[in-house]
Structure formats: C-alpha cells, structure tokens
Amino acid sequence: MENYTASEIMALSAGRLVQNGDILFAGTGLSMLAATVAKRIHAPEAVVFFETGGIDPSLEELPLAVADPRVMVGTAVNSGLADALSLLGHPRFRTIAFLGAAQIDRFGNLNSTMLGSYDKPVQRFPGSGGACDAASLAYGVIVFMQHQRRRFVEKLDYFTSPGWLSGGMSRWEAGFKRGGPMAVVTNLGVLAFDNDTREMYLDAYYPFTSPEKIAAETGFPIDLSRARPCALPTEAELKTLRQEVDPQRLILGPLPVEVL
Amino acid sequence: MTDKIMTAGEAVDKFVENGDQIALGGFTVNRNPMHIAREIIRQRRKDLYLAVHSQGQAMELLIGAGCVRRVELAYGGVARFAPTGYRFKKAFLEKRIEVEDYTNYQMTLRFMAGAMGLPFVATRSGLCSDIVRLSGFSPESRGHGKVPAQKLKVIDDPLEPQGGQVVILPPLNPDVALMHVQYAGDDGTCRINGLTFADIEQAKAARKVIVSCEQIVPKEFIRREPDQNCLAPFMVDAIVPAPFGAHPTACHAFYDYDPMHLNMFKKLAPDDDQFQAYLEQWVYPFESQEDYLAAVGIGNLLKIRANPAWGYAPGLDRR
Amino acid sequence: MTDKIMTAGEAVDKFVENGDQIALGGFTVNRNPMHIAREIIRQRRKDLYLAVHSQGQAMELLIGAGCVRRVELAYGGVARFAPTGYRFKKAFLEKRIEVEDYTNYQMTLRFMAGAMGLPFVATRSGLCSDIVRLSGFSPESRGHGKVPAQKLKVIDDPLEPQGGQVVILPPLNPDVALMHVQYAGDDGTCRINGLTFADIEQAKAARKVIVSCEQIVPKEFIRREPDQNCLAPFMVDAIVPAPFGAHPTACHAFYDYDPMHLNMFKKLAPDDDQFQAYLEQWVYPFESQEDYLAAVGIGNLLKIRANPAWGYAPGLDRR
Amino acid sequence: MENYTASEIMALSAGRLVQNGDILFAGTGLSMLAATVAKRIHAPEAVVFFETGGIDPSLEELPLAVADPRVMVGTAVNSGLADALSLLGHPRFRTIAFLGAAQIDRFGNLNSTMLGSYDKPVQRFPGSGGACDAASLAYGVIVFMQHQRRRFVEKLDYFTSPGWLSGGMSRWEAGFKRGGPMAVVTNLGVLAFDNDTREMYLDAYYPFTSPEKIAAETGFPIDLSRARPCALPTEAELKTLRQEVDPQRLILGPLPVEVL
C-alpha cells in the first residue's frame, strides 16, 4: 500500500506542471487542489482565477463551485464572465486551464456534452461551460481524467473542446493562435503529446499501476516507449496538500489506509 | 419611490408570458432568481425559451416543472450538488426540451452584443468543435420567434487574409431577464455585491427586466456610491423585495448556498414522483417568500447566514 | 510590496520607446496621465503613435512638444478650455502629424476588442460617413508597425441578409497604456473612483501598462472591497506614486480641474514660442512631482481640492 | 428689445422638444441647459446621461465638459464610454441626442471634423467624439447651430455624422435602424425636416428675426412656406432657466440689456 491516494498523486502531478507566474484557470475539485498546492510549494506568484470573475481570491476555504462565494473574497478584482473569459486568451500571459471531461481522444480533444447525438441522446453531461473557451484560447491545458477505456476513445460522441484536433499542425491551420493540451493527468498516470504528431503517449505511471494496465484502459493504441515511473509525492508535498490545501478532505476524499 | 416595486406574483403576471425567451441571472449555486422562478412555476407558464450560460438551480426547477420548451446554454448543472442537472438531463434525454449548446464565453458575448446593440460578435472560441458544427434545435424551429435563423456562422476573418476562420454569433435580446441582487434603491437603481457573472449584460440586453432584491434602500443612500451600482432605474421594470430570494443558492454578503436543501433536492430530483413531491412541498404552497422561509426554518437560515468578514458562512458543513 | 513601484522617470525609461503606440487614459479635462506625459516629454520620446478616444490635455502637451507622429482619435480638445486642441489643430494643419478619425464608440469598441481578444468588432455607427469612407493616414504607412492594414471595412451583415451593411473595426493592442488612478495597492491592484471612461479596456488591451496614482495603500486594504477594483496586479507593469498626478485635469474625489492653469495654457498654447515657454516653465524643470506642485502653489491646490460630499470643488471659479 | 437672449430662447426651444421619459444624451453648453430646463419644467422623468458614463447625475453645478467631475455625482450609475455609448442605440428607449457642428447640409448631415481635406486641410475641429455615434444610433437628434451661410452649406467639407443622408428613405436603405435629426435650433429659429423628402424647412423664427433673414443666412434653398413665429419664452420658463439652471450664467452669457 502507498502512503498517498490516487487523488493526492493526481493533484501533485498536475501541480508540478505549473510554473511560477502562471495565470491559472481553475475549476473545482482536483484542479483547485493542483493550483493551490502549486502556489504553496513552488509557484507562489501563480495567480488563480475563475471563469465567474473572481481574480486571485484568498481561498481560505475551498470553493465547491466556480460560483462559490468563496471565490469572491480577498480577490484583486471581482468582475464577471466577460472579464474572466477574456483573460484566458490574453497574449501577455501564460494562462493554464485545468479541464475535466467525459471522453478524450488521442489528440486531447474533449467531450463534456453528451453520449449519442442530439437525435438519439444516450447520456447528457453539463456541456462546455467555459471548457471549450479555455481549450480554444488558453496558453495550455491540463486535463484530468478517470482512466477508463470508455473514456479514452477512438472517436468522441460529441466534440466539445478542441485539443490538437487531428494532430500535427492542424490546430494552427484551423485558426487558433496558441494553446493545446499539455498533459492528461489520470488516476493511473500522466500522459503527454508528441511534439510533432501531437498524439498522446504515456509519460509517467504511478507506482501502483503499470504501462500495460494503462494501455488496457486506453481505447486507442498508445505509445508506451517513453514511459517512466512517476516521481513519488514527497512528505513535504503531502503535508502541504493535507494540512493547508484540503484539511477537511472535501475533495481529496478518505486518507489512504496506511495513513489511517 | 418608484411604482415598479411589486410582488413576484404581480411581476410574473405582468411581464412573463408563455413562450417568452428568458435569461436567468446567477451561476450554478449563486444568485439564482429562485423566488421569481418559483412564482413562474406557480403561475404555470409554458414553453419558455431559456437563454443562459451556466445554470443552475433555477433552471432545474423550471425545466422540472414543465415550464420550458427550449434552452440555449453552455452548462446545465448545480456544481457538486448536481454535476449535470438532474431535471435538465432527464428532459434532454426524453426529448422534452430542445437544447442548443454554446460556450460560456459565446453566451456572454451574445448577451454583450445584445446589450451593446452590436449586429453580431466574433470569436475564435469553438472553432472546429461540434458546438460550431452541430445544432440541437430542430430545422423547423429556425427563424421562428426568438430562434435565430442560424445558430452561428463560420467565416474567414474579413480583416486579416491570413487570420484564419472566426465564429460569428448572433446577439441575444431576451424577452425578459430575471436577476436577484443584494440592493435596489427605492428609485430602482440596482447594486450587486461580489461577482456579477453576466447579469448586467443580460439585463441590458433584455426587453423587460425583473429584479428581486434582498433589501430596498432609499435613492439618496444608493446614489451615494454610484461606482458600485450596475443598473439605472429606467432599465428595470419590476423590483421585487425578496429576502433570501436566491435560496437555496448563495447571495454574497447575505448568505451561503444551503447544502442541506441542495442535498435534499439532489436525492429527490432524479425521480419524477419525488421531484413532484418537492414542488408540492417547496414551490406550490408559497405565494409569499416569508412563508417559504418559515418552512426552510430559522435554524437553517442562521446556519447559512453570511459572516461579514467573508461574505459567506465560514465553517458551514458543506458535505 | 511589489517591485513595480517606481518613479515616472524609471517607468518611462523602462517601458516607453520611440515609435510606440500609446493609449492615453482619461477624457478631455479628467484623469489625464499628466505626470507621466510630462516625463515622456522630458525624456524626449519621438514618433509616438497615440490611440485615444477624446483627448485631452495630455495629448496637447505631447503633440505640442513634438513627441507625436501619428494619432488615431475621435476627439481632440480640452472642452471649454480648448474646444479644439490648439497644438493638435496646429500640428494637423501644418501636417506635422498624421491623423485618423474614428468615433468615440468605435475607439472604445476597438480597445474592448483588443482587451477581449476578439478578432474584430462590428457596429453600424458611422455608416456612410467620411469617417468610414476616408483615411487620414498615408497609403505608405499602411500595414507598417502598428498601423492596421485597413482603417476598417464595410461589409454586408453576414448573419442577416436584410440587415444592411456594418462597419468592421480592427482591435487595438497598444504598446503601452498610460493611466492615472486614485488608488493602487502595494501589490499593484488598481482602483478608479468615478467614471472609468475607457481606461480599463485600454489597459487590458495594451502590452505594457503604466499607472500613476494618487495614493498607494496596503494590499489588505484595497482587497477588502474587490468589487471596486478594476485591474489585477499582473496587468500592471509600473505603479508611479503621483499626488495630483492628473493636474491640471481633474481627479474625482481628489481635485477638480484647475481653471486658472487651463486658462493660462489656453492663452499660451496657440503661439509656438509661448507654448515653448510653457514647456520651459512647467515641464522641463521638474523631475519630481513635488517640485511641480510647489510651482503650482499650495493656494491653487487648495482651491481645486475636492470636497468629499461632491468629489469636486464646489463654488470653484471656473470662468 | 426682447427680455430674453438668443441663448435663452434656443435653450427653451430645444427643451420643448423633449418628452417626459426621454433619455437625453447631453453635451455641455446649450444642450445641457435644454435638457435640464426640460426636466425642471415639463419632463421630470427625463434622464440625462453623458457619453463618458455618468447616468442621471444630480447636476447641482453645471458641468463644463462631459468629463467634468460634476457628471459623476448623484448618478444612478457611474460607468464608462462602452456603457454610455451602448445606451444611445438601445431599442427600448427614446434616446435624444443634442449635437452641435461646424457645418450642416439640407439633410441634417453634420461636419465637426475639418474644412478642406486630409491632403489640404484648411481648418480643424475636434472631430466626432460621440457625435457620429449619436447621429447613427440615437432615436432622434436635435442640432444646435449658429445660423450662418458658411455653416449651412450645400456640401459638407467632411461628413462626420449621418443625418437623413440624401433624404427620402436613404437612411434606412443604408442600414440604420432608426434615428435622424428631428430639429435644428439656431440663434435665428427652429428648422425641421419634411417627413417625405427629409429636406430641411423653416419651422419657426424668433421675434427678432424673419424668414427672409434666415433664408439669407442659409447656404442652400430653404422652404419658408411653413414658417410660423416661435412661441415666446414664458416668465416661468425664464425664471427656471435663470434661477435654477444657470444662475452663474456660465453658459447663458450676459443677461439681455432690457433685464439689466
């Protein structure tokens, strides 16, 4: 047994991708934790903002929604959607968006709208919200996913948010000025995208899994040749995450058995 | 003192008609115009056409109660209490509503274009996505009533030959905007505390505006700090006094969202009969907000009451 | 405490280059970034390319001192003190500057488009006018540096076949925005009291932002009321402490415009030699704002000091 | 000698065109007086706003500029240009704009930019400011002019602000949704526009002038057949204007000799 949970290593793995000074477009859940833990550990000048308009809140309590009143306190500016969503694409800033989705394809395109079709709907998800905006306009995107075959698919039922489109140069050819997914952080490992083909490959796997298990849970062929074991959470990282970021474990959920 | 001050019953009777396109203020769990939404259900409005970005508990009730025929939205959910809105999902899957998907930025820009009188607005957000390629509204509905002739249009950048493609979006000018604010002057001037979401754009874009508010204050008071105000009186058609008028969603500086109520709703909402029972218990009986609040109970209201240092209820049990 | 706090001398040295496109904050007689403008003159910047809506005393000085080559504007004047700016008029008539005329709404929309990352913005304002038909910039300048390839374009409404024509305007993304505000936090957060004009759009559209302010206050203080703030610290490159930094234009809640100074300027401005004498007396000698204010005189500063009940100086002799 | 000045009868004549509930886009000078006097006499629910963003200020002192701090006090809302200029075209409201100009043609098109041309400039005026926006978007426009041949011209040197364009239906054909000049108030009389041709005609002349004098000061042929004497300022109107609206006579200038 490890002394950390999948949620914890996910939050920390994503947080490590944040650079000091980044402007972070956070959702709730794990993305909130990743942003906050990065700020507390190695990126103190990173700024968290919410699509609802809260810019750089103090976050004394964890918001459970991007419209939580907890995103409106201690902020530099309280504004609204127009202001916050404009910031996503601002060329002065390295804006990094954390997104989740129901489905992802090998180029990091996302579905958070539905299964089936408008004519024959099978399942409905909430829809883009600001996800498609972030995927279109931000400097970079970090995707959180549950690693399951039905979520890592050959073809999205609905294409909500643009990743690397069909790979290669297609994103630029379409008219996007920047952006694209940087990494996919799952409960099994961290995936990245090849610099030329923009196809997903396995970058790192957690100690409690293996490249083979990840391949089995991925619904399209995936390059394992560059896979390496993921760096373990340090004691200091876990302490910050548990004691400062989510002490009530509202998002992290139960502690690992070992620690309990 | 303006004669626009009235009850929700009067406001809905006067300004909301069957088939109207309605913009709902607030965002998921915050500042939803719940008191007005409940009144719309009580007055059994039909075939409403919602235009929203990220809704929210008000949309859940209105769709669940069968008031809605058509929705343009970016997001349908109540955050952690319903990652996808139960009644929204069910109505979509059972094809009892037609849904057109946009993004939050697109919807905000469309409200802004409507508010500013711009003929359209352009963005690159959504290029190549199904949001741009597909439409959830039936072809027969196109061009009728408020349904735009086209969902949107993708064109080459008219200014920059090398600029690639851009998405051209039609403005929104809803028949009615509903919003809940903290303060209204007795002249009708409005003030929002905390984030404004897209409420101001929505109100300015709409033909009629119904505002419910926590408190009505004298004109002389609200105009002492006009930098903080967001809507001039002539933009507003009805001011509805409604303490806790966004409950069970939050209202910054007044109260938090109500996790007890939202968790209870979460349990009942997926089932048709149980949802009906919710309406029978929490919506139909209460013409007055005071009676509704008595049912919520003073104990619960005190739990969610905001502490002025934070504007929310610190330490509230939100599980 | 941010390391962005610096003198006007340091800010101009670091962030303003010859040939830069500069957006000036304020409007005619209000909140012109005068302290920074004087410093730009002292540092003898050349070939500046102003992008403004309705300027204003700062533009008068910059054009008069020979710092400016090119202007996009809607209005050049100092209200009653110069219905048309003397130095602006003279430079235009003597062809020492190239001028491109737009409208206030068009300029505001262009700054907004720049701030929001919109590929362009559309309006019907100006259809059929010479603003739309003619260009004051030379054909040779087109497409070079910040000069847009086209002033604007008139196209058929792409969404509505019966919608007639619309004017498509290019966004503005100036190299530098200059603005004067009432308060900045020691973290760089900015707050404007009273009207914001298009200052916020201008700052958000720009690549670099220099803000002068009446007072610097602690981060903890300015963030107590974030609804009143207008710019986050990361948007700002330099914070310049500058009490009376908009003088002789007004700064709401701090001081009125200075009619004595503006009337004096009005007398001197039309004549080249006398204007030069004005610069020698009021601009070149003063590296520090304190020395400039000493020359203005405490008596005059007290006359224009704002009364907090109104935010201006009631009863001020404004003839 | 009359017991009122040209400025006074101009302000009052323009003020009479205001209806209760109108949303008035005011400049400074006479337009400010016309709006304020109308509010005090017969249109108490009219609202004055400024392109700078001040909506419905208390106007305890007369602003000398649209950016005067006096337009920011007692307002319903303090905003900025984007908000105020958007209000001009709002289809819910009868927005009336008061404009001045250096030149006007028979269809009420205005020049406030220059004489000569960009190549050969002869005189420079401030430029459109918000005038072209108001002329394009407002419900109606009231123009203030000094009545001189060189200002009432066959052809504008520069076409800054659209009036009735070339008359008839041309304004609608161009794409404008509403608007057009309602009246031109000069120091000699009040001019209106024919409902079909949209050509300017003389509607009313002040007692101290005559249709013939007005025709002589107008640089294009003008229909005098509908001219009638202008209603005189009443004592009550003059009292309001002098005692409440501009007691310092900052804009009105000297009192008439008779009154002095």
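Note that the chains are named A, B, C and D in the order they appear, and that numbering of residues resets to 1 at the start of each chain.
The rule we apply is simple: contacts are C-beta pairs under 8 Å (C-beta built on N, C-alpha and C of every residue); 3 or more make two chains touch, one makes a residue touch a chain.
Here the structure is a predicted model, which is why all the values come from computation and not from measurement.
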- Labels of chains that are neighbours to chain A and to chain B: C
- Take the average of all CA coordinates in chain B, do the same for chain D, and state the distance between these two points in whole angstrom. 41
- Note on the structure: Here the gap between chain C and chain D, centre to centre from mean Cα coordinates and rounded to Å, is 28
- Message: I'd like the Å distance between the centres of chain B and chain C, where a centre is the mean of that chain's Cα atoms.
- Response: 38
- Note on the structure: By the touch definition above, chain C meets two or more other chains at residues 109, 117, 124, 157, 163, 166, 194, 227
- Query: Among the residues of chain D, which are close enough to touch at least two other chains?
  - Reply: 72-73, 78, 82, 89, 137
- Think of each chain as a node with edges to the chains it touches; is that a line, ring, star, complete or other? other
- Taking all chains into account, which pairs touch? A-B, A-C, B-C, B-D, C-D
- Message: Help me check something: in the complex, which residues belonging to chain D touch chain C?
- Response: 28, 51-54, 60-61, 64-73, 78-82, 85, 88-89, 113-114, 118, 121-133, 136-137, 158-162, 165, 173-177, 250
- So, in the complex, the side of chain B touching chain D is made of residues 115-117, 185, 187, 189, 204, 207, 223, 226-227, 229-234
- Query: If you look only at chain B, which of its residues touch chain C in the complex?
  - Reply: 109, 117-124, 148-150, 153, 155, 157-160, 163, 166, 168, 170, 192-194, 227-228
- Sites on chain A touched by chain C in the complex: 23, 47, 55-56, 58, 72-78, 82, 86, 89-93, 137
- Message: For a test of understanding, state which residues of chain C touch chain D in their complex under the given definition.
- Response: 26-30, 53-54, 73-77, 79-80, 83-85, 88-89, 92-93, 95, 99, 101-106, 108-109, 112, 124-131, 133-136, 157, 163-166, 194-201, 250, 252, 256-257, 306, 310-312, 314, 318-319
